[in-house]
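What follows is a pair of complexes built around chain A, which joins chain B in one and chain C in the other.
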Partner chain A sequence: MEIIHRFFAIENKRWVFGSVIFAIILLAPVIILIINFFSGTTDTLLYLLDNLLFDYTLNTLYLILITSITALFLGIIPAWIISNYTFLGRNFFDIVLYLPLAIPSYIMGFTYIDILSYTGPIQSFFRERSPFFAEIINRDYLQVEILGILLGLALYPYIYTASRISFSLIGSNYINISRNLGLSKIQTFFKVILPLSRPAIFSGLFLVIMEVLNEYGAVKYFGVNTFTIGIFRSWNSFGDVNGAIQLACILLLVVLCFFAIDRFSMSKSKFYYQKNTQLNKVKGLGGSRALMVILICSIPFLFGFLIPFSFILNNTIESFAITNFDKLFRLTNNTIYVSSLSSIIIIFIALFFLFVERISNSKINSYVSSLISLGYALPGAIIGLGVILLFSNSSLLGTFYVLIFAYLIRFLAVAKSPIKSSIDKHPITIDDTGRNLGLNPLNLLRRLHLPINKFALISAFVVTFIDVMKELPITLILSPFNFDTLATQTYQFAIEEMIPLSAIYSLVIITLGSLMLLILRSFIDKQINVS
Partner chain B sequence: MRKFLLLFTFIISACSTNQESIREVNLYSQRHYAVDELQYKNFTEKTGIKVNVVKANADQLIERLKNEGDNSPADLFVTVDAGKLYNAREAGVLQKIESQNINKNILTDLRDPDEFWAPITYRSRVIVYSKERVKESDLSTYEDLADPKWKNRILVRSSSNAYNQALMSSLVANLGVENTEDWSSAVVSNFARDPKGSDRDQVKAIAAGQGDIAIVNSYYIGLLLSSEKEEELNAGNSVSVFFPNQGVGERGSHINISAIGLTKSSPNKENAIKLIEYLTSQEAQEVYVNNSYEYPANSLVEPSDIVKSWGDFKIDKLNLNALGEFRPEALKIFDRTGWK
Partner chain C sequence: MYLEVKNLVKFFDSKYPIIKDLSFSVKKGELISFLGESGSGKTTFLKCISGLEKINSGTITLNSKYLNKNNIFVKPQERKIGFVFQDYPLFPHLNLEENITFNLEKKYYSKLEYILKLTGLKYFLKRFPHELSGGEQQRACIARALIREPELLLLDEPFSNLDSTIKESMKEEIFKIVKETNTTTILVTHDINDAMNISDKILIFKAGILQQYDNPVKMYCEPANCYCAEILGDMNKLFIGNETYYVRPENIKHVNKKSNYKVSVEKCFFQGKEYRIKGRFDNEIWHFFSKKPISEKKHVYVDFAKKDLIYFDPVCKNFFK
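This part shows the complex of A and B:
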């Protein structure tokens, strides 16, 4: 074995070298931002530090807390129920619980406030029928707590997906042993299942937190001053781009620390699933207990998808007569085109980095592979800014290439995670076998890893597609001429307070996203079954 | 890195076809109303000049213009806030327009004395009040909003909003930093709730009884009053519009403009000026007032009926560049006085 490894070491070096160069290109905008961090004045930064950042940080933490708690409850409990029990509608819920991911969080915010507002359907309904009750619900719903819950509703599917896969993969042995040792069902859940699923749940939670940190449209609307608002206050209000960069770099540093702490704590305790244990058998439920679980699983679906979707659908129907279908068609076309093209590029680049990390034993590639995910920790507009600075004075700005390059930096991490978990599942010995059969790295990638990770690649494509489709700040700032997407159009109507006009564009985003998620679901099933 | 970039540029320029022969004009625009698309379409039909648009936030477009430098394809920079045009000019990305036709079209009070930009429409940041709970005679000026009689009654959106920043800048320009800061403190203590939501939400909050008066842009009332939804119409009808500072010797209501600047590197300057001339012409200005609730910059055109129903008003004749010039001070006042 040793000889084979050495033999390939030389060839691997070219791959390693290539991947490092490639990573530097990808990181160039981030590097430029970091250089800017140290140059230029710090007036605005110091001013914000003195006056606002303490409050902004507290608000951010509070919002993250509420969102996380909501998302954890809405994600883990249904995932546990569906992984362990059969009941009427189980398959249905297993499909629809993913769907809120198709609704961009700012649309969730705008839509719910419209529903709950004084002129919305609920308050209007009660004003005519029960003035007393109408008075009770006549409140100001633009509150940080409400925003946290709404973001939780939009983002819980990240946790649901992660825990659903994890709960299904945990073999019945663990549960049997725990029950034999006298632990109750609830104790088993908290002492065995949750700790075993911690890495998965944590990876989902990490995505939720990153999304909250990145949120701009909804937090601004709710008047919740988060750290991101601080970044944009520096840029849009004070006109100080450098201050914005400095704040974004601080945010990046905080996220990195958070990430490092997580890695460190994980490295001390290792988790391995016993692959050869039987999958936990699902038990049938009937009667009142079935009713209860149906109720529990309905909550996230109802509030996270059905209610906002129906409201948007209703708005679409009402504004149907004034819809410009030529434009709708053009924007849908643009959206599908740019989302699929960039997603394909992104998943292959993600696969490339993960593959090089796998075939080389050097530490460098594990760092490289982590570093290229940095983009996910920066607000989209700041990545856009980094790209603008990088291509300063070139005529490349405003072309598709640059737009897709920016998406790449932003979403590589999103595509990496499903591919990585799939690649890691296959023992390294299959690579050795492939090489013994005379495959060079390129063929190893093409003929072995491409086919055996195909489901993961499709999953990665779907999640990246949805993220690019919902993407807003990068698309706005780097957009070529006459290039609108469904997301930019929705947002432009929404901020101009023409919610009904934005409805049809939201509806198409949500429908496209839902269709993609249905595809994803069937591939997640295959992944669960294959392993 | 640089070699790679050069190679990359080379490949791309080899792929893209030469499009210089096409007659076009390129816009970086913060405006994204349906009426704009209509205007550009009409312009193209009339002149054969194609209008290309990138729509994004004004500050981000300024950053893009700055970094594109002489290579920028943009001819015109369109904003909904004079302050951003001031910033663009300060950033050195604009040039003088110098067209007598445009100057003839627009109201003198709205003009940039230095001709770096031309207005197309304007709007006032007015006070709306509950018809039920407020008497018109209780209202007078922006300054009066500091009076304790308004305690727990004022609604307004956050200080992140550019329209609020422009209003505060106009107060700094007119009253000085100290007076404005005192004013802001007092107004904040009169707030009915923390600043949040959109302008339209403030009006809804008056209808819901959460406050009695709100500071909003005039055209949002027009939007509410033309809503298809009965409840929104009711909310719009529950308030009246009041133009502050109209008394004898008072300076007039604060206004802000949608306006166009000509970029320094404009590759299609002739077409660009043609477009501004068209947009300020009587013909195009009629299109604006028929499709939005803004005031026309052209003195020969009258606003829409809903807007006219609020009556004539005296505008604050402050040089609109002050809305950008005094903005840093205005922001600090927001922060020091706790206007979230």
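This part shows the complex of A and C:
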């Protein structure tokens, strides 16, 4: 009786029903994967358990550990400095510290290995000037530890962004009270600020971990056997789809564990501290201390962006004469086309889900919303495999529709995030007023939510565009025949040891990404000014 | 009756109904105040009337049309009800004029000038919501609701975000506007002064039930129960024989001769034109007013007319505790 009553009490049932059906379609690849896991033979699973699983697990966790530590150091410290002190170049650093997000981690890996290689600029320089030192640094840099640091350099902006927002929002009252209670500045940071910012830092770290689990190009290049590599290897090299499915499901389990840990830690550390009451005054720094903070802020920018970018630029100039510009334009066109089209579709579907969640009084939609957000935590290899299984008997496989469908599953959560925070900013009475003034749900969406969330939609488009442009595993697995993007071409050249030739493709990705990030930044500023 | 609410029940969880059983009616052009504590379900009630929340049972009739009855449910966009929300939700991407004329039928455009003049917003037409003061935003919301000639106007705590100086003038303005347009209005508030000043009738709501529905004077002088009495002002308790009586502070007079009521003064608060005295009589805290200050710990005599005594059933006092 209660269930029937609750069903009839659901408002806007058609919208709710539509969103549930849509969510089931989006989750279908994962559901198919799980069904296949249970219907497959156990031989491969036993083989995996006996021989490879331990190795894959250990490598994956070790890589996550090193990347996380690097990203935490490079993200938190500059975020704290920039949130609390003024110094020469503060505004500059506040912009450029986001830029490594424009460099795909596989390009970061390829570039640094080229820089550190025997023929690279560092070893060549020391061979001429100090042969003894050159001998010491002549090492094999294709190590999991180096990969972890490089991934940390590429991914720290996730933690920087989260910490920067959190540190800026914590009012000075907390700092003043803790100082008044006898804590030093450092103790205040560790005992008050860091615990208060833990949810934000954790959410940034969660994204870093998910990116490491999703990483394919760099780990393949470094020869580190992670789960994602295992899936590709089982599938492509051994033709063992069953093994790939079973590995994908185990990886899915690992991802769900991390997801559960993230949710659990968030629920345990939801601090409802008063924000924005009295922001901490940014204090000026001069002399040697200013020099030190400039140095600290320079390190992530220098190693995370400037050095790889300069090296790629240099390689581009050197290989300019042999660049196939027709191909470059074609691939740039392909990339912009597929990224734009996917991002537009993704942001409108994200808006649809969030809108239904908003107008529905049912909890179903908040569950639906959480479930479809899980897609971002799923590595591209899992999604790719699931989508292939789903469409295996369909002529759609190998078309743009399927590629965009896979992007949709993976990046829906990315697009949802800025739109959700914008929608949440508007009180529910805005919707009530709209309905009271005669708008039906469709008009409410068209005439109110589209215009009032336009900046958020643009922000969502930009972040989704960057992510789709950088995405490698899904594009590699599901691209239509003879359809390459800048990302797949960069990867192909790198894997064939033709790094200089890949430079111009990398450069275009980074330039497009950086431009998009700068646009995003100006939109965020505009949003802040409007609100 | 113009608005008729019968046996309205609303709950989100059937074990804890927000509105248990509410029935009342309003005449055309009346301004009634719906008075209740924060969280008592006042806004939910307004949302039920406007169709933004579905009711669980009961009927709502407006201008002889059923809005809710059994299977009849008129959608919120089809009810001719104006709703002014507590937080003045003007659409941030539209200027004042666009906000007021949002989704407005053409036949009402001719009223724009009149409404702008009435609400004093003539010179702010091109301003965006963030360029308006709180009072201007609120008047804009009222203008947006009134221009559509609503059959019923719902005002949800319209004064709660205003400072005391602007609040008084806003109260007068709203009263003037709704009376001039003869708009039937329900004002939801938790502030007794707001309700007393401008309402034709007051409805007191507590624990999901209507406690009393009457004009302000009758409500104040003849409260239906202790809750209604206390919500409308302080009460001084006294025992006569075995019965408990109450008397309003303003009905107590400070007298120079001996009386039956000797109060020991504990505090004297200056309130501008007079002093509010807090004292103790028969172990009960009493309040009354005096033209002159009275020193603390001093004993004074007070008195009142017998007709000002209010009596309630003995169980009443503990009912809501």
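Note that in this section the second predicted complex is superposed on the first by the 464 of 531 C-alpha atoms of A that agree within 3 Å, B and C clash if a C-alpha of one lies under 4 Å from a C-alpha of the other, contacts with A are read in each partner's own complex, and residues count from 1 in each chain.
Operating definition for what follows: a contact is a pair of C-beta atoms (placed from the backbone, for glycine too) under 8 Å apart; a residue touches a chain by one contact, two chains touch by 3 or more.
If you're wondering where the values come from, they're calculated on a predicted model, not measured in any experiment.
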- prompt: Regarding the shared-chain residue A:Leu142, is it in contact with chain B (first), chain C (second), both, or neither?
  reply: first
- prompt: Now for A:Glu318: first (chain B), second (chain C), both, or neither, which partner does it touch?
  reply: first
Task: Mind telling me which of the two, chain B or chain C, contacts the most residues of chain A?
output: B
Message: After the superposition on A, what does A:Pro451 contact: first (chain B), second (chain C), both or neither?
response: second
Task: Examine A:Thr429 and indicate which partner it touches, taking first as chain B and second as chain C; both and neither are also allowed.
output: second
Message: Once chain A of both complexes is superposed, is A:Ile336 in touch with chain B (first), chain C (second), both, or neither?
response: neither
- request: Report the residues of chain A in contact with chain C in the complex, numbered from low to high.
  value: 2, 5, 9, 11, 426-427, 429-430, 432-440, 443, 447-448, 451-452, 454, 530
- line: Residue positions on chain C within touch of chain A in the complex are 14, 47, 50, 52, 54, 75-78, 81-83, 85-87, 89, 91-93, 102-103, 130, 141, 144, 148
Query: Can you list the residues on chain B that touch chain A in the complex?
result: 1, 4-5, 8-9, 12-13, 26, 32-34, 52-60, 62-64, 67-71, 73, 87, 157-158, 160, 162, 165, 193-201, 204-205, 207-210, 220, 223, 228-229, 231-232, 234-235, 327-328, 331-332, 335-336, 340
Message: List the residues on chain A that touch chain B in their complex, please.
response: 24-25, 28, 47, 51-52, 113, 117-120, 123-124, 138, 140, 142, 220-223, 225, 229, 232-233, 235-239, 241, 318-319, 381, 384-385, 388-389, 391-399, 401, 476-477, 479-484, 488, 492, 495-498, 500-501
